[in-house]
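In the two complexes below, chain A is the common chain; its partner is chain B in one and chain C in the other.
On to the complex of A and B.
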């Protein structure tokens, strides 16, 4: 992998370069209330790009798989019905995508492109998508309380899956090219040769950063083993189900989740648009069939399905990893604290003592951390 | 800003969320991590607002009914629409008087549109009949809290539930109706808070409770009185608080000590030891919060009893304690604050108060109609034709959410519907006015924790569609008023002048920090997190003693079960917004798919005794009549209770005979329905 170095002051010029090449560049900005978001870079906001920021909650998978994606336009009736595919391929560059999210895009690639059926909508967007990965280097800023990418081996620095990777070494940034597209950017004058010393600084910094992930952990091995062997007590699933409020949030924010449904939306008497919308196996109707049968009717059966899909050995064999990238978003959006870290803890521990739910509270709550513990 | 920050359009939790837009449409949504109440969480409805907002089948032009009978409409211009409206209104008012007109809104209307709607009714047309559509139970809550405490609103903040040592949830399926708050409660429980749940029906949050008192329908007041007795007997009441901040504490304590605990336990159908344990947990807590829903059947005496319990233990004014009358609609609190109530003017001035009316009359420069108006519940449930001949409905779909409305709408000479989509109600309109949807205008909503929040405009409305508040101003001008509101912000500026506890609120102020909790006044510019903190209070709180001999309805052996109707479970089922999301429609109609003719819910043991199996047809018989529907057998329902979900219209019609102002608890019997050959 080719490496280069650039001055800190020149980092945003990579954004300018991409824009000049015709990409719509999405970069992180601080929003109202301190939340972060990837948004389109314009001349007006270019200087406001926030290089170091808590990973925005809205996952960048949306640039390859939008939350609502038009598929077809249907016009006319009966024999005159006409279908027009709506396939879009805007050239989008995501500047500042995190290593965990890069791994997520890889999961989506395997799902939408890697099997017998190749999804034309996904493929078209993906081919036009350029990923500039920025490595998380600032604990408390880039690295949030819910992050646990070392547990999924997806960070803090991705090893593959990006076109270009940028890492803040202090006064200089190290750039790695992951693809020919990324390498082509090295023709720019802002890039100069990297030395072995730079590579060593990167290695040392990453070693140090891995110790900064303390709050949430997710030690998968035992959980994988138990779930694969069917050794998780029913009571554990029921506990998880009791805490789940069936909002779908974990699926929507998960960089590795791919489920969707299709909806036809009428637009006047003569036109219908068919769209693809994110869906979630947390929801009761997800598996309900015509005729009424629902193989995953009870909420704990649905939660069982999710974690089996993400953690069991047959799926790991197929996907090359657990279907989790350690971003921590599911923990952030979950009402009942049954995101991945908490569930892995529950699976590892085995059955809870009867009637004592506090014994299975796995992860410290953000409000706890803010308030400095219970009053 | 890339993704405008706004607040959800569904329930009263007031979650913060960001909208992603593209090409003038809302295409995505995600939660605001920094929001103090929702903290990065949303429920399934919030996660789908973008789907609804981008639905293409919007109303785009005013529609006038072409024939006297029938439902054909023709597109007209705004000028034609207004002209028709003015002419028809004048005709009705000159023949029947202004009291023939009623204006009702959805509890999801913005503060700006609700304020102008009631002003249009009272100040321009001269009718006292203004109300929101959430129903009588909400108004009971408003009345009692105003009378006992002074302020009809939650005394605390949602975030402070993290500090509650005890949380008591009364009578609502919190996890389904206000999931973000349920999440807080569950997480508090996981950290060791005690959870007490009261109600006839089990639900997700009840599964987490150490103390689940599955009481008989309608016995909450007795339960609260029994808890108060245990607390008083054990000396766990807050003597200082009672002495310094309450009236008639001694009378109350004496009455409470006389409560017959064993009798109450028998009436409630629970073990007296259970009541005692729950009471001790409540009484010993450093902070105990009571959560109930304003959308569930609840008579004034129940609310009086729970307020008195909270006062007895000194919890009102304590962060983590207090009373949460939860609003299940995103702006129920706001529409009440700005006066969409038949017996309260803006700012909770009673219509009967001469001083209050004078203040509002002075600011508006008009005189106001005397006397309270009719509530929406009264108008729509009346058996005989009443005085109403003209109806203005803003975002409100009474036909879609209950029976009775259709009959009245057919009889009216003028029905005006302002909405986003073509609803069931719109079929009965003479004039349909299209209006702005969520995300298409900058307006404000007030959540259940008194948080007034700015909903930013994310996309422009469809061409030619105006905000509802602007349409109301146009109509007022056409009727002769001199209203000028160049922006929604200006409407809020007027609200701030008329509603004292909104005095410090403006759109500019709300654009910071996720809004402001009222009272927000010049001396409290950042708002108020907890009401009635020790430093604030001047007028003493009122305690209401439990009755010495509680009324016990003798059980008629012909009607041994109690039908519980009107609880909000499945309220959103028929809602037009929900119908416009593939996912929400799917999730909300799941039960209906299993029971396509509707259902009532029965406990398995009761069902067994009746020989009824799940899915079989049953006849629900009361002294008023009978309704036939299907039975859904579930252990979630208490023995002796029969549940009719919100939308079961045949069953609702059965209940219609009873007083619309009282909770719907009807003695019934259930019979297996033998199908006709």
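On to the complex of A and C.
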């Protein structure tokens, strides 16, 4: 992997370069109200790009798998009905994608491009997508309260899956090329040769950053083992089901969730679009069939399904990783505190005995950690 | 700023789009029982028609009714028959929309999908079909297939139950086949009007009747029907001495893609669309949550 160095003042010139190459560049901005979001870079907002920002809740996964994506255009009625596939994708570069989200797209690649059937819509969009990863280096800004990528081995610096990786070393930035497309960008004059000393600084900084995560460990091994062997402590799924509000938020913010539904949407008197739309296994309609029969009606069965899909060994073997990238978004959005770290903890410890409010705090609390105790 | 667009059509043959259905035409519609219609259909493109004919009994197709959407339907015809069929009860948006179509109308089909019944593995065995109501739809394909390869199988026994005589499926076909002496058909209904001379009672009530002489040794039992009927029929078959590995069924699930991507039909590790829909009872027990 080739490394280069660039001045801090030149980092946004990478964006300019990508735009000049014909890419629509999506980058993170702090929006009114303080939330972050990926948005299209224009001449007007270019200087407002946030290099250090808490990872936006709405994941950049949508540039590879849009929340709503047209599949077919249907025209006419009756015997005159005609339809054609809508397989096209703009060239998009995501600038500032975090390492967890790079791992998320890498997971989607294995899912949609692997198996017996290749997904041409995903493949086309993905081929036109360039990823410029920015490593999270500022605790409290980049690295949020819920982040736990060291536990999923996906961060803070991605090892693969990006075209270009940028990392703030303080006074200058280190750039790594992950693909020939990324390496081609090094022809630009802003990039200088990196020295072994730069690479050493990167390593030292990452060693230090790994200690800055609040959830410094999540016992995936215990959770994976129990789910795989069917040895989840009795009552655990029911406890998780009781806390789940069935909002589906965890799936809509998840960079590794893949499920979708398909719907025909009328678009004028003569045109219908068949679209696929992100779907959520948290919702009761996910498995409900015509006629009303629902084989997975109970909330806790649906929660069991989500975590079996994400954490069981057979799926890990098939997808080559847990279907979690440690971004912490599900923990951020969950009103019932049954995001991934909390569930992993519940699977390890089992549900709280009835009437003992002290026995389980699902998420490890900072006070627990500072007291030196393992949660 | 110019925005380049990558279009895959140039690089990728259209047939590689697994979500792209093929145009199909309805030839004839007949009412099977009240609320259930059988559609005779063909694919518009003769090459596609020929390719589709390679389907196996027990496989299914994704059917598009434009404007309503796409839904999975089992293929009740045998590949040995000249015409393709769908038999469907109007229960949801898509099935109701399909029921509105008539001869000459255009819809679309993709597939065939799923594993299907391993009819080759069943050579030399006695075949028992146990179907409740419209559960006979996916089994019709196997029955006709087995008769087209009659010398390869032992006794063929069809046990079909429904609420009333008017709810019995494919009755003209079953009666014709029974008259031909190629298979044994036993019918039962939950409620019988005056004049019904056949059996009254649930499907299980027929299984142990001496006159049925249900084969147990070297037998495969195909069981399809509503969940309650399924559970009791399985219980009765196991009690008679059949093994879980010798009882097969097709599972029904909500599904959108048919190719293992949309996630709806997945139970445990198994995708009903690609690993199923045919499973042995032994596998169904391992999957959990199935019925």
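Methods note: the second predicted complex is superposed on the first by the 350 of 375 C-alpha atoms of A that agree within 3 Å, B and C clash if a C-alpha of one lies under 4 Å from a C-alpha of the other, contacts with A are read in each partner's own complex, and residues count from 1 in each chain.
FYI, a contact is a pair of C-beta atoms (placed from the backbone, for glycine too) under 8 Å apart; a residue touches a chain by one contact, two chains touch by 3 or more.
All values derive from a computational prediction rather than experimental measurement.
Evaluate whether chain B and chain C can sit on chain A together after superposition, giving fit or clash.
fit
In the superposed arrangement, does A:334 touch chain B (first), chain C (second), both or neither?
The answer is first: A:334 touches chain B but not chain C.
Which partner chains sit in contact with A:87 here, chain B, chain C, both or neither? Use first/second/both/neither.
second
Rounded to the nearest 10 degrees, how wide is the angle at the Cα centre of chain A between the Cα centres of chain B and chain C?
Taking chain A as the apex, chain B and chain C sit 80 degrees apart.
For A:72, is the partner it touches chain B (first), chain C (second), both, or none of the two (neither)?
second
Applying the touch criterion given at the start, work out whether A:279 contacts chain B, chain C, both or neither, answering first, second, both or neither.
In the superposition, A:279 contacts both chain B and chain C.
With both complexes superposed on chain A, which partner does A:293 reach: first (chain B), second (chain C), both or neither?
second
Quick one: is A:62 in contact with chain B, with chain C, with both, or with neither? Answer first, second, both or neither.
first
Looking at A:184, would you say it contacts chain B, chain C, both, or neither? Reply first, second, both or neither.
After superposition on chain A, A:184 lies in contact with neither partner.
Should A:199 be classified as contacting the first partner (chain B), the second (chain C), both, or neither?
neither
Touch test for A:263: chain B only (first), chain C only (second), both, or neither?
both
Between chain B and chain C, what is the shortest CA distance in the superposition, whole Å?
So the smallest C-alpha to C-alpha spacing between these two chains is 9 Å.
State which residues of chain A lie in both footprints, the one left by chain B and the one left by chain C.
On chain A, the overlap between the chain B and chain C contacts is residues 261, 263, 266, 279, 288.
Show which residues of chain B lie in contact with chain A when the two form their complex.
By the definition above, chain B touches chain A via 1-3, 5, 16, 18, 20, 27-35, 39-44, 46-47, 50-51, 54-57, 159, 162-163, 175, 179-180, 182-183, 186-187, 189-192, 204, 207-208, 320, 513-514, 582-583, 586-587, 590, 593-594.
Contact residues on chain A for chain C in the complex?
It is residues 19, 22, 24, 71-72, 74, 78-79, 81, 83, 85, 87-91, 111-112, 115-121, 123-124, 127-128, 258-264, 266, 272, 274, 276, 279, 281, 286-291, 293, 295-296, 301, 305, 308-309, 312, 314-315, 318 of chain A that touch chain C.
List the residues on chain A that touch chain B in their complex, please.
29, 31-35, 37-40, 54, 57-58, 62, 66-68, 242-243, 245-249, 252-253, 261, 263, 265-268, 271, 273, 277, 279, 283-285, 288, 292, 332-337, 357-358, 361, 365-368, 371, 374-375
Report the residues of chain C in contact with chain A in the complex, numbered from low to high.
Against chain A, the touching part of chain C is residues 1-9, 12, 14, 16-21, 23, 64, 66-71, 91-95, 104-106, 108, 227, 252-254, 256-257, 259-264, 266-269, 274, 289-291.
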